[in-house]
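Shared chain: chain A. Partners: chain B in the first complex, chain C in the second.
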Partner chain A sequence: MAAPETPKTPKPTEATETTGTAGTPETPETPETRWQARAEVSGRAAGRPARRRLLALGTLAVLVTAVLLVPLFAQLDQQLVDLRSAGRPPSWAHPFGTDEVGRDVLLRSIYGLRVSLLVGLTAALVSVVIGGLVGLLAGAAGGVVDRLLMRIVDGFNSLPHLLFGIFIVALFAPSATAVVVSVAVTHWTTAARIVRSEVLSLRGRPFVDAAISGGSSRARIVHRHFLPNLAPHLLLATVLMVPHAIWHETALSFLGLGLPAHLASLGNMINDGQRSLLAGDWWSSLFPGLLILLPTLAISALAQHLRDRSNPRHRSELTL
Partner chain B sequence: MLEAADITVTFGRHRVLDRAAITVRPGEVVGLAGPSGCGKSTLTRVLALLLRPSGGRVVLDGQPVHRWRHRAPRRTAIGLVFQQPRLAVDPRFTLIEVIAEPLRANRRPLARAHELAEELGLTPELHSRRPHEVSDGQLQRACVARALALEPRYLICDEMTTMLDASTQAHLVARIEAYRARTGAGVLAVSHDLELLERWSGGNVRELAHRYPA
Partner chain C sequence: MTWVRIVAWRAAMAVPLLLAVTFAMFALAKASPFDPVRQYLGDRAMTTSPEIAAQIRANWGLDRPLVEQYATWLGNLVTGDLGESRSLRLPVTQVIGERLGWTLLVVGCALVLMLVVGLVAGTLAAWRRDSWLDRLVTGTAFANEAAPVFWVGLLVIWVFAVKLGWLPAGGLTDAASATVTLPDLLHHLVLPVAVLAFSQSSWLLLFVRESVIGVLREDFILGARARGLRSRTVLVRHALRSALLPFITIMGARVPELVTGAILVEAVFSWPGVAGTTIKAALAVDFPLLAALTLLATVAVVLGNLLADLAYTVADPRVRVLGVS
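Coming up: the complex of A and B.
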C-alpha cells in the first residue's frame, strides 16, 4: 500500500513544478494581461474610431457652419482688390493673411470651400444617380443589355479619368456646372459596378423568387426589394465620392479649367498663391490647401464609419 | 392538373434533371422524395414557373406553359414554400409585410394578411417584427401564410419542415391540410423524410432517383 503511494506523491509535485516552471513565462500573460489586452482591443475597436468620428464630425460641423453663416454676415466682393494691404501675413485683422492683391484669404477660403462642398456634393450625387441607374438596368435586365452596359463602363474606366475630365470641362465655358458634368461623367462607373454586382446578388436570392411567385412585376421588385436593399450602398458610394469630387474640382480649378479665375475657389486660390510662394508668402496657398484636406479627411473618416456600420456583422457588434 | 413531363435541366455542362416527370391533381397530396442533390428543388422551381427547363413541358390546368418567371401570367396559381425561411424573406420586411406583399402586388384586400397570420398562429406582437427578431418556425409560418395569400390552386412545399421542431411541423402540415380541404388545392410535398411524406400523402410518394454527374 505504501509502495504505490510513494511514487504517487511526487507525481503531483512534479506536475505542479513543471506547470510552475513552464508557466512562469506564461503567468504574466494569463490573468491581468488578458484583461489589459482585452481593454486594449476594445479601445482599439471602439474608443479610437469613436474619437476619430467625433473629431471628423466636429471638423465638418465647424466648416459647414462657417460656410453657411459667414456669407450672411460678410459679403465677398469677388472683384475687389486692395493693393495697399497686399501680401500681409496672418494677423488678427486677417487671420489667414492677405493674397498678392490684398484680398482676405480667410473670407475667400470660406467662399471657396462653399463652392467646393456644393460642387463636390452635387457631382457625387449626379454620378451616383447615373451609375445607380446604369447598374440597376444592367443587373436587373441581364443578358445583352448587361454585357453592352458593362463594356461601356470598361470603356470609360480605360480612360485616364482626370485627363478625360479636363477634356470634358474644356468643352464648356468655365463654370461650376461644367465641373459637375466633368466629375459626374468620369465617375459614374464606380457606382454602376457596385449597384450591378449588388443587384446580381439580390436577383439570385430566394426572396426575389418568392416575390415573382407572388405575382410581383419587375418594376415592383426593383421598387420593393432592390432599391431598399441598395440604399445603404448608394449612400456609402455618394459619401465616398464627395471628397474625390472635391479633389477633382480643386484640381480643375488649379489648372485654370474649373471656376472662372476671379471667383473664389480653393483650387484658384492655391494657383494664385503659388506665385507669391516664391516671395515667402506661404499663407495664401497653405490655408486653402488645409481647407481642402480637412473636410475631405473628415468625410472619408465618416464614410469609413458608415461602411463599418453597413456591414451587418460589424453592426451587430456595435449594437451589442 | 399541374403536370411536368420529360423535364431536363442543365446548368452549364452539368445535367441536374434528366427527363423527370410528376403530376399533381387538384385536391391530392403528392410526396416527392429523393436524396439530397437529386434535383428536387430544381424540379420545384420548374413547377413554380421560376425556372425555364432546358427540355420537357409543364402543363397547368390543360394549358402548356411557354413563359417563365415574370412573363408567366399564371404563376400565382402555384404557391411555393421554400426550404430556408431566412433566405426566403426580404430582411427589411416585417412579418405582416411579408404576408401582405403578394396581396399588395395583386391589389387584393390587405385584411386577408391579418386573417392568415392569425390562422397560422402568429400573434399580433409578431406582426411588426423583422425576420432577425423571430425564430425559424415563426418565420416559416409567415412564409406559409404568404404562399397561401393568393389562394393558389397548387401548393409546393420544398422541404418546408426540415428545419423545424415536431410541433411546428405538425401545425404547418395541419394548416396546409385544412387549406387543401377547403379549396381543393393540389399539394406537392418535397422532403427527404420519407416517413413524413408517407404519412402526409397517404403513401402517394414519388421518388426522384439520384443522378450522378455525367
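Coming up: the complex of A and C.
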C-alpha cells in the first residue's frame, strides 16, 4: 500500500521529464510532428510539479509558522482600536494598512487565518470521521444497508451546501460550533463515497479472504485489515476537505451568519472590508482574501500531488 | 422510450428526497432555541401578557406537534400557499414571485457566458498544451477556483466601480430612478453576471481542457488526422464533441454550486433576487420564507440532474439507440 511519503520522488524521472519538455519545442515545425510530440509528452507536466510542490510546502510552512508564532511574540492586541490611524493604506508601520477603526489588518489577518484554519480543520476532521464511519458501514455491511446509506448520501449531495449551512446557522445562534456542524453535515458524503468504494475493493482482496477463512470476526477484519489500508485515503480526504471547509466558514462569516463578530475570522474581516470598500479602502478586503487564496492553492496542489501518486488515472480529476 | 423511464425514475427518487429535506427543515426549526414569537414581539415581549403570547403562538400553529405542523405546511404547499414571510409581512409566494425573475436573469446570462468562456478557453488551452496560453489560462483557473467568489466580487467592485467608475457597484437600477429601464438594467447587470460566470467557469474550463487532452490521445483522432482532416476540424468536430459527453452529467451535478454562487453574488451586488433574499430571511430567522427558498433550491438541483440525464440520452447515441449507458 502506498504510504504517503511526500518529499522523496525518484530523481531520475524528474531529470528525464525535464529534458523531455526542453526537447519538445525544438522539434521540426510541421503540425503533424508537433502534434505527435505533444501527444507523447502528454500527461507529464515535466519538472514543474516538483517546483510547484516546493512552493506549496513553503507557503504552507510560512503561514503555519506565522499563525502559531505571531500570537506568542506579538505583544500587540489585534483588537486594539486606534481611531487616529483609522483607514490608513499600507505603509511600513502597517504593511496591510489599518481598517475603519484603526486596527492593524496584518495582525488581524494572521489571527483570522488562525481562527479560519482551526474551524476548517475541525470541520474537515468531523466530516471525514462521519463519512468514514458511514462508508465503512455501507461497504462492510453491503446489501440493503449499503443501498439505503448510499441513497442518503445521494440525498445530501443534492442539497445546495451553502444554503443548508445558512439554514442551520440561522436557526441556531451563530457560533463556531454551528459553523462546524453545518459544514460537517453537508460534506461527509465525499469521504463516505471514497471509503465505501475502497472497502468494496478491499473485500475482494486475497488477504481478506484468508482472514475470513481463518475465522476472523467482522470487527477484527475491519480493525486489522480495513482501517490500516483506509488510513491514506482518509488522510487525503481530510486534506482535500480543509480548503473547502475554510471556504465555507469564510462564506458564512462574510454573510454575517458565521462566527460571532468579535472573532477576527477571515470572512468577518472581508465583511468589515466590504463596508469601507466604497470609500476606496481596498486593503482591508484584499489581504484577508489573499490569505484564504494562498493556503487553499497550496493545499490543493499538495493534495493533487498525493492523489497523482496514489492513482495516476485520477490526475485529471479536479481537486475542488 | 428511454427518456420516459428516466423521467419517471427521477421523479420517483425526487419525491422522498423533497419530503425528507422539508421534514428535516421542520425538525431543525423545532430543535432550534429560537423563538419566533419573542422576535415578533420584540421590545413588547416584556410587557405582553403570557396569554396573548400564547394566543399568537396558537395562531401561528407553533404549539402543535411537529408532525401536525409539517402536515399542514405540506397541505398548504399542494394548494400553492407557502405561508406568510414573518420579516417582510408578505405572502411567501409573492416575495418569491417578485424576485425569482431577477435571479433567473442573472443566472441565465452567467450560464451562457460561462459556457462560452469555459469551452473556448478550455479547448484552446488543451490544443496549445503547455504553451504560455495554456499556463496563463490554467493558472488563472486554479487561482480562481481557490478564490472565494465574494472576494472576487469585492475586488471587481473596487476596480470597476470605485477606481474607474465605469459601472455601478450594485443594485438593480440607479437609486434615483423609480422604474426599471433596459439600458439601466443592462448597466447594472454586467458586473454580477461577469463575476458569477467567471467564478463558475474555472472548473468547466479545467474540465474541458483535461477531457479534450484525454480525447486527443484516442485512436480515432489519429485516424481523423491520418485521413488528412484539418486541425481545426479534428479539434472541434471530433475531439471537443466526444469530450463534451461527460460534461453534460457534471453540468447537472454542478447546480448546487451555481445556487451557492448566486447567493454570494447577489449578496455582494445587492441584487434583488431570491438568492440574496435567502440571506435576509436567514438573518431575520424568517422560517416560512427560508423553508420555501430552501425547497426551491433543492427543486432546482433535482431539476438540474433530471435535465442532465435527459440531455445525456439525446447526446449519447449509445443510450439513444441501444438503451444502455
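What we mean here is this: the second predicted complex is superposed on the first by the 259 of 320 C-alpha atoms of A that agree within 3 Å, B and C clash if a C-alpha of one lies under 4 Å from a C-alpha of the other, contacts with A are read in each partner's own complex, and residues count from 1 in each chain.
Throughout what follows, a contact is a pair of C-beta atoms (placed from the backbone, for glycine too) under 8 Å apart; a residue touches a chain by one contact, two chains touch by 3 or more.
This structure is a prediction, so every number in the text was calculated from the model and none was measured.
With both structures superposed, pick whichever of chain B and chain C touches the larger number of chain A residues.
C
Of the two partner chains, chain B (first) and chain C (second), which one does A:S217 touch, if any: first, second, both, or neither?
In the superposition, A:S217 contacts chain B only.
Is A:L255 contacted by the first partner chain B, the second partner chain C, both or neither?
A:L255: touches chain C, not chain B.
Once the structures are superposed on A, label A:L159 by its partner contacts, choosing first (chain B), second (chain C), both or neither.
second
Of the two partner chains, chain B (first) and chain C (second), which one does A:R147 touch, if any: first, second, both, or neither?
In the superposition, A:R147 contacts neither chain B nor chain C.
Touching A:S300 in the superposition: chain B (first), chain C (second), both, neither?
second
For A:H225, select first, second, both or neither according to whether it touches chain B, chain C, the two together, or no partner.
first
After lining up the shared chain so the two structures overlap, which partner does A:R51 touch, if you call chain B first and chain C second: first, second, both or neither?
After superposition on chain A, A:R51 lies in contact with neither partner.
Look at A:D209 in the shared chain and tell me whether it touches chain B only, chain C only, both, or neither; answer first, second, both or neither.
Once the two structures are laid over each other on A, A:D209 reaches chain B alone.
Can you list the residues of chain A that touch chain B in one structure and chain C in the other?
In the superposed arrangement, which is not itself an observed complex, chain A uses no residue for both chain B and chain C.
What does chain C use to touch chain A in their complex?
The contact residues of chain C facing chain A are 13, 17, 20-21, 25, 28-29, 31-34, 129-130, 142-143, 145-148, 150-151, 154-155, 157-158, 161-162, 169, 203, 206-207, 210-211, 213-214, 216-217, 225, 231, 253, 255-256, 259-260, 263-264, 267-268, 278-279, 281-283, 285, 287, 290, 293-294, 297-298, 300-302, 305.
In the complex formed with chain C, which residues of chain A make contact?
21, 24, 31-32, 35, 38-39, 41-42, 45-46, 154-155, 157-164, 166-173, 243, 247, 250-251, 254-257, 270, 273-274, 277-278, 280, 282, 285-286, 289, 292-293, 296-297, 300, 316, 318, 320
Report the residues of chain B in contact with chain A in the complex, numbered from low to high.
Within the complex, chain B contacts chain A at residues 45, 48-50, 69-70, 75-76, 78-80, 82, 84, 87-90, 92, 101-102, 105-106, 143, 146-147, 149-150.
Note which residues of chain A are touching chain B in the complex, please.
205-207, 209-218, 220, 224-225, 228-229
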